[in-house]
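Have a look at this one.
Lettered A, B, C and D in written order, each chain numbered from 1.
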Amino acid sequence: MNKVYAFAFSILLVFLIPQKKNKVIFFGDSITQAGVQPGGYITRIDSLCKSENKQNEFEFTGAGISGNKVYDLYLRMEEDVISKKPDLVLVYIGVNDVWHKRSSGTGTDPDKFEKFYQAIINKIKATGSKIILCTPAAIGERTDFSNDQDGDLNHYSNLIRGIARKNNLTLVDLRKIFLDYNLKNNIENKDRGILTTDRVHLNAAGNQLVAGEMWKEIKELLAISR
Amino acid sequence: MNKVYAFAFSILLVFLIPQKKNKVIFFGDSITQAGVQPGGYITRIDSLCKSENKQNEFEFTGAGISGNKVYDLYLRMEEDVISKKPDLVLVYIGVNDVWHKRSSGTGTDPDKFEKFYQAIINKIKATGSKIILCTPAAIGERTDFSNDQDGDLNHYSNLIRGIARKNNLTLVDLRKIFLDYNLKNNIENKDRGILTTDRVHLNAAGNQLVAGEMWKEIKELLAISR
Amino acid sequence: MNKVYAFAFSILLVFLIPQKKNKVIFFGDSITQAGVQPGGYITRIDSLCKSENKQNEFEFTGAGISGNKVYDLYLRMEEDVISKKPDLVLVYIGVNDVWHKRSSGTGTDPDKFEKFYQAIINKIKATGSKIILCTPAAIGERTDFSNDQDGDLNHYSNLIRGIARKNNLTLVDLRKIFLDYNLKNNIENKDRGILTTDRVHLNAAGNQLVAGEMWKEIKELLAISR
Amino acid sequence: MNKVYAFAFSILLVFLIPQKKNKVIFFGDSITQAGVQPGGYITRIDSLCKSENKQNEFEFTGAGISGNKVYDLYLRMEEDVISKKPDLVLVYIGVNDVWHKRSSGTGTDPDKFEKFYQAIINKIKATGSKIILCTPAAIGERTDFSNDQDGDLNHYSNLIRGIARKNNLTLVDLRKIFLDYNLKNNIENKDRGILTTDRVHLNAAGNQLVAGEMWKEIKELLAISR
C-alpha cells in the first residue's frame, strides 16, 4: 500500500511543484538580435517548443547585438550571459569577423578568432552550462563559391568545426546546412533571397531553417543532460 | 614536265624562303614575368614547341610585369604588345585585381575589371591578332574553397569566362585546371606546394601544367587560323 | 585715309565674325558630375562668367562620372575629352583613389596614380589643349588632421602638386584652400557641413568656393594663352 | 632623549627593513615587447632609475606582445598584469588597431577601441593600481601629415586623450611628443629613421625619448601617491 501512496504522491508533485525550466541563451550578432522579433528564429523555436507542449521545460533568451564579433561577445559575456545562469548557451558568431575585413577593415584575424572563441567556451563551461556552437551561415547565397568572402567564411567555419571537435561540443553547422539547402533550392545561383534578405540576414525561410535545426539539437542535448 | 618542275620549285621555296613565324605574346603579371625564366611556363612552351619540331613556326615573347592588374595592361599595351605586331596574345591577368584588395586595399572593382578587360580585347582584335584568355589559377591551393579569397577569385574567373563567351574567344581555364589537379594531388588540403610555391606563383609542376595547357590551345588556334 | 578704313573694318570684324569660344572641360568624378547641376560648381562658374559679360568667350562642359578614379579617366578620355577638342581641361580627381581603399579595397596605389595621371596629361598636351590640375579637397573636414584618411589624401595631394610642378601646370590646390577655409570657419572641428554635405561632396558654400578659385585660374590661363 | 632614540631607530629601519618596491608594468604591443631588450625603452628607464639611485624604489616589468590590439590586452590582462599586483600600469596600445586596418583588414573600430580601453582601465583601477596612458607615437614620421594612416592615428590619439581626461589619468602623449621632435629634427620630411627604424618600431633615439618622457611621469605619479 505504501508504494501506491508514494507513487501517487510523486505524480502529484510533478504537477504541483513548479518544474525548473531550462534556460537557453542565444549569444550572437544582429542575426540573433533579429531572432527575438516576430518571425525571428528564436521566436520560431519558442513556437516549435510550444507546439510540442514543452513550454514548461524551456525558456529562451536572445543575447544578440548588431555588429558583434567574437571579442565583443567576450567583453559582454559576464553581464549578458553568465550572470543569467543559463543551462545552455548557443554561440552563433563569425559573420562580422569575416565581413568587416572588407566593409571596414576591422575583421578578426583567424588566430585571434580561435583564441577568443576558446576563452568564451572556457568561461561558459566553468559555470556548468551546456554549449552549442554554430557556423556562420552565409555572406551571399551563390552555390558555386563565388560570393566574394566565401573562402574566408569557409575558413572560419572550419575553425569553428575544429573548436567544436576539440571541446567535444555539439555543432549546428549552419554553413553546411545553408549550402545544402541552396544547392537544392537556388537553381539560378542568386546571391540572396533564398534564405537571406541581403546575403546575410535571414528571411522567413532562413529563420525557419535555423529554428528547426537548433531546436533539434537543443532538445537532444538537454534530454541527455537530465 | 612543267608540273614536276613547279612542284620541285615549291618544295625548294619552303626551305629557302624564311617562313614567317607566328608571334605569340604572353601578356600578364609577375607569373608571366617569371614565365620567361629557366623553368618558367613560357620557356617550357618553347621547349614543347622545339620537341615537336615546330620552332620555325612560333616565336614566344613574355610581356609580364610584377604587380600588374587589368588596367596596368591597358596602360602599357600599345608599347608592349600592339607595337610588336603579334599574331596571338594570351591575356593572363586577374590575381592582383583580387589579391590587392586584401593586401593593400588597391584591388579592382568587378565592373571595372570587365570594362578594362573588354577594352584590351577590342584593341587587340582591331590589330587582327588572335586572342586567348586565361582565368587566374590560384591564391591558395586548398581544395575545399577555404583559401581566404577563393570566393572573389571564383567570381572574377566567372567574369573572364563570360567575357570569353561573349567575345567568342578561346579560354584556358587555369582556375578549373588547377582545382582539378589539386583535387587529385593535394590530398592533405595544403594551401601551397602542389602547383605554387607561395599560394600564387608557380613551382615547376605549376609551370609545366600551364605550359602544356596553353601549348595545346596555341597550336590549335594558329593551325585553324592559317 | 586707308589706315582709317582698315581700322574701322577691324572693329567691325570683332562684332560681325563669331568669336570662337574657349571650350573648357571639367574632367572628374561624382563631384564634377554634380557640378553641372543647378548650384553645382560648373553651373556657378558659368554664372560668374556671365556676370563678367564673358559668355561669348567661354563654353563649359562637365565630364564627371561617379566613382571614377584616375585610371577610369584614362580609359574614357578619348571619347569624353579629346574628341571634343577642348582648349582647356581641368583634371579634378583623386578622392576615390584614396577613399575606395577603405570603403571597398579598390583604391589606387600611389605609383600607379602618378603613372596614369601623367599619361592623361601627356594625351591632353598632345592635342594642344591647356591643362589645370586640382588636388582632392576633402574626405572629412576636421582641421586637426584626424579625418581617418587625411594622411593618404595629403600624400596624394603631394603627388599631384609634384606632377603640376614637373609638368609646369597651373594647380588649383583645393586641398589647401579647403583646409584654410575650415581653419577659419570650422571652429567646432566638425567633419562635414562646412563645405561638404557628407565629408566629400560639395554643399552650396563648397561649390561656390571651388567655382571662384577655378574661374580665377581659367581666366588667367586663357588670357595669357591668347 | 626618547626622541633621539626614536629618530635613530627610524633611520635604522629605512636601511634594515626591505622597502617594498613600486612594481611598474608596461602593457602593450611589439614596441613594448622590444622595450625589455638591450637598448629598449624599458631597459633605458631602468638605467635612468639606477642613475638616480632609485633602484630600490622601482621594479619594471614588460608585458608587451607583438601584434596586440586593445582587445588582446583585455583578453590577457588577468594573467599578465592583474595577477602580478602592479602599483602602476602604463598602457601603450593603438598602433595595430589602426595599422591592421590597412595591412590585413583586421583593425579595431573606434567605438570598440574606446569600449575595450575603458574596460581595461576599470579592471586595473579596481585593483588599486595607478594607471598611465600613452598615445601611439607613429606610423610614419613625415611631419606634414602625409603618412598614409596619420588621419586615423590622430583620431585614435584623440580618443585616448579623451579617455585620459574622462578618467582623470596621466597621459604620456607620445603622438605629440614624436611630432614635435620630428618638426625640429626631421627637416627632410622622411618617413622613418629619426625615431623609428621602420615607421613604427623605435630606434635608439626613439627608445630614449620614450624612456625619458615615461620616467618623468612615473616618478611624479608614484611620488605623489606615497
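Criterion: a residue touches a chain if its C-beta (ideal position, glycine included) is under 8 Å from a C-beta of that chain, and two chains touch if they have at least 3 such contacts.
Just so it is clear, the model here is predicted, and its values are computed rather than measured.
Undergrad: With centres defined by CA atoms only, which chain is the most remote from chain A?
TA: Measuring from the centre of chain A, the most distant chain centre belongs to C.
Undergrad: Could you classify the chain C-chain D contact as same or different, where same means more than half of all interface residue numbers appear on both copies?
TA: At the contact between chain C and chain D, which are copies of one sequence, the residues are largely the same (over half shared).
Undergrad: Distance between chain B and chain D based on Cα centroids, please, to the nearest Å.
TA: Each chain reduced to its C-alpha mean, chain B and chain D end up 54 Å apart.
Undergrad: What's the distance between the Cα centroids of chain A and chain B, rounded to whole Å?
TA: Each chain reduced to its C-alpha mean, chain A and chain B end up 46 Å apart.
Undergrad: When the centre of a chain is set as the mean of its C-alpha atoms, what distance in Å lies between chain A and chain D?
TA: That pair's centroid distance is 41 Å.
Undergrad: Could you list which residues of chain A touch at least two other chains?
TA: Only 101-102, 104-105 qualify.
Undergrad: Please give the residue numbers of chain D that touch chain A in the complex, ascending.
TA: 71-72, 74-75, 100-102, 104-109, 112, 115-116, 119
Undergrad: Going by the contact rule at the top, pick out the chain C residues touching chain D in the complex.
TA: Residues 101-102, 105, 140, 144-155, 157-158 of chain C touch chain D in their complex.
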